[in-house]
Each structure stands twice: as structure tokens, then as C-alpha cells.
């Protein structure tokens, strides 16, 4: 995959920023408006997919290598599990919303409210974006060499 | 206080799984060690749950607002079985999985599968049960195709399609239950059903659950995927799949839903009884004709799971009729004890088959022979497991089959007892065949260089073989039986009292 | 009636997954079944003339965290929506795994036709 | 009300085309149509969260599906399974469908959700006290990330599992050669 024409490349490099910002917005306001970690994470992933379609696979791989994406994936899942375990340590039970109940109740409908819910949204957004990017990248890297395999069969 | 430790059963394997892929190619030894430590920690924790019961409300939300863990006799029994088999299989994989690449990812998927099964067994919420069922299933689909050869991919695809259809049926059942009762907590569903009675919608949901979990358990009309999927997986995974996966995702979930949520009726009891009988007979006949050692064992798994479902179905029929609870509890005891036994000896058999396959490079019985001299430990453990599965007296399989036969005769189901004995004979024949063709007879020319495997593989096999010999004690020694098996039997005998127990605790 | 149409969609998916012999078609059948279940679940929570389960500023009561009865009496059920969110992501995950098995199988066998992918017998 | 029927008929027609067409690419495009129809339907059913998630999942799902079908030497498929088998399965599916239709009469009528009638339904509490108990204005977020956060952990794990599974299935070499093993 070599990528597309200059026009497409220029436009998509601009649009990419917009999509990325929009994804982050969806993630961090997930507890107030529709959206949340999953939708936002997929939007973040699709900004990279757009880059991949426009510039080709190589370009994206240089920016965010496979190994780094895999680490981000693990990190997101791990952070979410850590929030759960912190609930157990600080709040007395698995998944207690300890921030809201004990430390930081916040104003309803403001950005900083709802305790661990925005944090969980961020962790999930990170996890989902990294893992979906990883899937698309893995699927596009895989080039089946069918002819060689058929020869082997015969 | 056991209750506060319950989240660890899910948290430990999950966190281990999230960390494992971070180890690169160089950290392989550390990753293996970490995974082994995790399974051993789970085993220790599981031993701690013996004889206990608890309800744990996640996030401090009282049910039905939140999700809860329910630990009772049945889940404790299953937790114990899962952790014993996974510890042995993990130990076996240390050396065995050196043949394959991407070992860290293998360990990660293994831990995810364990987490999924523990989650299913502990969950007190029916949608949550579905979510964890999907985790364990997805991990097992990927593990079946781990070798990426023709047969493995074909088997993985077949397994994945049938498994996905099963999962969707379960999900559809969950939605119907929610639409009729307005709650997802198993105890509250049970309460609502007890109040309103079983209407058409709930009946259809029950049918969907039976088909969905039946597909996961590979009971006979739904068994098409098992004889392909189990042999294609790497040997420790075959041991996990046959040993615990079909039991925790299939049999356990089915029994939980039928007995504790919907309440057993005579017709459902008969349905389970017939499904069990069909699986027993069909599995045994199909196994007799096999020449592939792992495929033979896979068919025999269908047949053995049939015993479990038969015992529980027989007990359920008797409970629903209500005239002789003593025989009912004996039948259920036989079924559950057989579940434990089968988990141990079938995983041991698959591990020995993996050992043979690794040494000789083949799975075909016709290409083997005379391995007794070359591989003494594998031979000895395989003989113990074969004697156990065939029901030869001092070994564990004998006791569970004896209990089943006695319960069937006592309850007046003479023909069921006859079928049990007959299938037991077929099992004896098929494992004599394995012994005869694999370990006795002439050693073929090309296998002169064969050596016994070393290290962790042997430890895992010997550990399970010792259990096979000692398991009979579980029913003979009263104190063991009162702590391990009897609470599990009581959960099923109590039936829909489950909801009162959970809400009251 | 709407529920029955949803069930019809489910059965179309089941038919596709059972009868078709192309691997991608089978995957599509499973996807259709998932859509049907998701739609069905959301329909269960719908209320005639309802509002989305998101509290806005003019529905806040006077005391902290209190919600006006107009919201309580018109909001649709949030629980099925949470379940469907989970179910959608699960189906995306299983789609990714299924498609990668399909592609890998295609590489090995050179076909998507399951009647030609028959090495295992019995 | 009519909008639901129109959308659902649209979805069903798209599903029938997706099932019956012989061109895999058009089949995949029909799946896209189903997904966007479903997304619109979620919007009208007052589920904006699901609508957003459905639409973005649909885009990625289509990319994944098209990856499987495009640039293959045969996207056209011919023939079905044997005629007898098809007839039998159609009959079985139809019978289950007829048996199932009665089931939906036991559910509360469309538009009156079950939680308004059932006693002790959790949803009543979620709506009336969700904001006070968790502080999140979006009640769906409060359910998935606080009341039922454990489900969401499971869901994230499912995604994680499938990603690891996909990379495992698509790796280049699965088994080591015997010579490497000896070392």
C-alpha cells in the first residue's frame, strides 16, 4: 500500500486532527453526554485507520509501531483493572466508586464529577482505540501467500 | 472471611493476562514463571473455599442494583476442579509449548480462559454469566486454532460458528428473561418465576438456554464440533477443554439455570436423562472406531459427560416426583462425583497423549507400538488413567459409576443401570485398544530413537495420576465428603431455595 | 408485532448460518442474529413518548442530585442500553476473531467453501 | 410508531438480500445497510449512546469484513447445499418461528417497559437515584461504569481476548522447526 494522491493526503492529515479531538471529547465527556469510552475509543482508532488508508501502512507503522500499540492495549486494560482493585483497597469492595463516595463528589453535570467514571472511560478509550487499531493493522499486514501454499499441498 | 477474597478468583488471572503480553521474547522464562505462580495461587485460594458459602456484592451495591458473586457448594466444587486441572495443564505447557511460537500470548489466552471459567462459576447475575462465558469461549476458539495448520483452523472455525450460535441463543434467552421478569439477578429471577409461574415466554427462554448450554457442553445432538476441536488443540489445551471447559460452561451453567432458577420439573429431568443417555451411548460407539488417539479420547469425553448429565437428570426427575429424595441425592452425588473424576483422568489422558505425540510425532495408533519400554512414566500414568476411566475397582472412576448404578437400581430405573454398565464395558475396550496399540506390541523401526519427556511434563502427569488413585477417598472418608461433595449436592437438592439463600445472606 | 419482526430477523440470520456454505456468509448470518438480539433488547426498554436516559440541566431538582418526576416518569429503561453496549462490543470482538480465522483458512485451503474444507472426518 | 415498522422492514429486506445475493461484496454492503438502519432505529428508540456506538462499530466492522472479501480471486459464490437439506432447514426455521411468535405475547406491550410494572426492578432505582448515587448525568454511563462495572471489565476483556486471538491466528510461523527445538 503506497497511499493515495497528494490531495487526499493533505486533507486527511487535517481531518485526522479533528477526528482525534472529537474522539477525545467523546471519551472525557462520556459521563455527561452520549458516547463514552467505547464509542470514543473507536473514533480515535478510526483516525489512525484514515491515515493508514491515505498514507499507506508503512507511514502509520513508523508513527505507532505494532509493539507500542500492543503495549497501549495491555496498559488500558490494566488501568481499568487497577481502578477496580483500588476500589477494593480504598472503598472496601471490588469496583467501588471510591472517588465519588469519599473524596471528590463534584458538581452534578460538570466535567469533574462522578468520581471514577471518567477515569474508567479514559482507560477504556485507551484500550479500545489501541486494540482496534491493532486489529486493522494486523489484518492489513497479513498477506496470504496462497500460491506457495497450494504448491505445498500438491 | 472468605467472602472478601472472592474477587481475586477473577482479578488474579485477569491482571496476569494483561501483564503477560508485555514480556517480550527475552522474558519468556519470567512470563512462564508468573503464569505458573498465578495458577498455583488460584489453587491455594480454591482449597480455601472448601465447605464455605458467601455472597459478595460488587461495588457495595445491594442486589439487584449491582452484580454479586455467589459462592456455594457447587461453585466451590467447580472452582476446585478448574484450579487443579489448570495448574497441572499449565505445568505441562512449560515444556510442551516450546514447540510453538508466541508462548507469551498462549499463556495470556490460557489465563483469560481460566478467568472466564472462574467468572462463570462464581457469577450470580445471568448477563454477567454470559459475558464471562464469551471470554472463556473466545479464548478457547483462538487456542484451538493455535497451531494454524489446516486441520486446526478448520476445527477452530467449526467450533467458533457453533459456539457463537450457542452464545447468541443464551443471550436471546437472557433478553427474554429480562423482558418477562425485569431483573437480571439469578436469585431475583428465580423469585419472580416462583411468584408468577412459568409462562410461554419463560418456557421458550428455558429451551434457548438448554440448546445454548447444550452446544457448549457438546451433548449429543449438538456435539458436532467437539471431536474436531479437542484433538486439534495443543495437548494441555485439550486437557483444559475436555477436563473443565465443557463442564463449567456447559454442564454447570445448564444445571444452575435448570435447577436453581427455573426449578426442576419431571419433563426437564427426563429431557436431561435422555440427553445424557444418548451422549453416553453415541459417544462410546463412535469412539470405538477411532484410530487417532486424541480423537478417540474426545469421543469418549462426550460419552463421559453423558454420565454426568444422566446422573443429574435422574436425580432431577426423582426430586420433581418427590417420592424418594434419598435416591435422588445419591444420583446427583454420583453425577457430580463423576464430573470431578472425569476432569482429572481425562485431562491426564490428554496430557499423556500429548507426551506420546511430542515424543513420536504422530497421533495414529497404527503407527505406534511398544512404547512401554521407552516411555515408562507416560505408560504408567496412562494405565492409571485408563483403569480409572474404565471403572476398575480401586481407582476413582469405579466409585462414581458404582454410585450411579446403585442409585439407578434403587430408584427402579433398571434399564438405565444396564446401559451404564454396558457403556462402561465399551470404555474398557477402547482404552485396552489404546494400551495394546500404543504401549505394547512391536516397536516400529522409525521410533527406535524415542525418548521419555523430561521435567515439568512428568511432574504434571504424576500429580494427576496420584489424584486419580486417591480420589476414591472423596466418597469413602466421611469428613471429606461432607465438606466437598455434600454441599454441592445440597445446592441442587434445594433447587429454587437458592433465591432465598442468596437474598437472605 | 415489532417483537415478532425482530424474531424474524433472528431466524433469517440463523437460516443463513446453518444453510450457507460460504464462510463469510456464515459469519454474516451470525452478525444478523446479533443485530436482531440487540434491537430486541432496546425495544424492551422503550417507553411511548419517552426521553433518553440522560439528565439535562432543566431536569435537576432543587436539592443536590435530585431529579424531577417529569424525568422519572418519561425516561426509557437505561439497563437494556447498558447491556446492548456490552453486547455490541462483544460481537465486534468475535467478528474480528472469526474474520481472522476465515482469512487464515483461506490462505491454507485457497477457498471459502466449507464443503471443500474437509480434512477432518467422522 | 410507523417509523419503527418502516425501519424494521428496511432492515429485514436488507438482511434477505445479504443472505441471498451471490456476490460477497454486495452482501457485506447490505450488512452495512442493516447496521445503519439499526443505528437510526436506536436513535428513535431514545438510545443515543447505542446509536453512536453502533455507527462507529459498523464502520470498523465493515472495514474488517471488506478486508476479508476484497482482493480475493473469487468473490462470487455459486450454488447452495443440497436441495433437500435447504428445504428441511427452511421448514425447521419456519416451525421455530411459528412456535416463537406466541412467546412475544407474554411480554409487556411495546412501549410499556417491564420495569414500570415489575416490583423491585433495578431500573426504577437507576432512573430516580442514579444521579445521586453515582454523580453521572448519563445514566447509561452510570450503569455500565458503576452499578454494573464488572460487566464492563468483562467486555473490555472480551475485546482484549479477541485481539490477542486474532494476532495469534494471523502470526506467520506457528510451529518451530525440529532443528530449532533441539537447541
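A few remarks follow.
For reference, chains read A, B, C and D in written order, and residue numbers begin at 1 within each chain.
The criterion applied here is as follows: contacts are C-beta pairs under 8 Å (C-beta built on N, C-alpha and C of every residue); 3 or more make two chains touch, one makes a residue touch a chain.
Bear in mind that the values here come from a model prediction, so they are computed numbers and not experimental data.
Contact count check for B-C and B-D (C-beta pairs in contact): higher for B-D. If you average the Cα atoms of subunit B and of subunit D, the two centres end up 29 Å apart. One finds 2 Å separating the Cα centroids of subunit C and subunit D.
Centre-to-centre spacing of subunit A and subunit D amounts to 20 Å, using the average Cα coordinate of each chain. Subunit B has residues 14, 18, 21, 58-59, 127, 131, 134, 138, 141-142, 145, 148-149, 153, 156, 178-179, 184 in contact with two or more other chains.
In subunit C, the residues that touch at least two other chains are 14, 44, 52, 54-55, 64-65, 79, 83, 85-86, 89-90, 93-94, 96-97, 99-104, 106, 108.
The set of subunit D residues that touch two or more partner chains comprises 48-49, 53, 57, 60, 64, 67, 100, 104, 107, 114-115, 122-123, 126, 131, 135, 137-138, 140, 142, 144, 146, 148-155, 157-163, 165-167, 169-170.
Taken as a contact graph, the chains are fully connected, with every chain touching every other chain. Remark: subunit A residues 32-34, 36, 38, 108-109, 128, 135, 138-139, 142, 144-146, 149-150 touch subunit C in the complex.
Taken together, the subunit C residues at the contact with subunit A in this complex read 52, 54-55, 57, 60, 64-65, 85, 89, 96, 99-100, 103-104, 106-108, 110. Put simply, subunit C touches subunit D in their complex at residues 1-9, 11-16, 18-22, 24-25, 27-29, 31-32, 35, 38-39, 42-48, 50-56, 64-67, 71-72, 75-79, 81-86, 88-90, 92-97, 99-104, 106, 111-113, 115.
Residues of subunit A that touch subunit D in their complex: 26, 30-36, 38-39, 42-43, 45-46, 49, 70, 73-74, 76-77, 80-81, 84, 94-95, 97, 100, 105-106, 108-109, 113-117, 120-121, 124, 127-128, 131-132, 134-136, 138-142. Across the complex, subunit B is touched by residues 10, 14, 17, 23, 26, 30, 33-34, 37, 40-41, 44, 79-80, 83, 86-87, 90, 93-94, 97-98, 101-102, 104-105, 108-109, 114, 117-120, 122 of subunit C.
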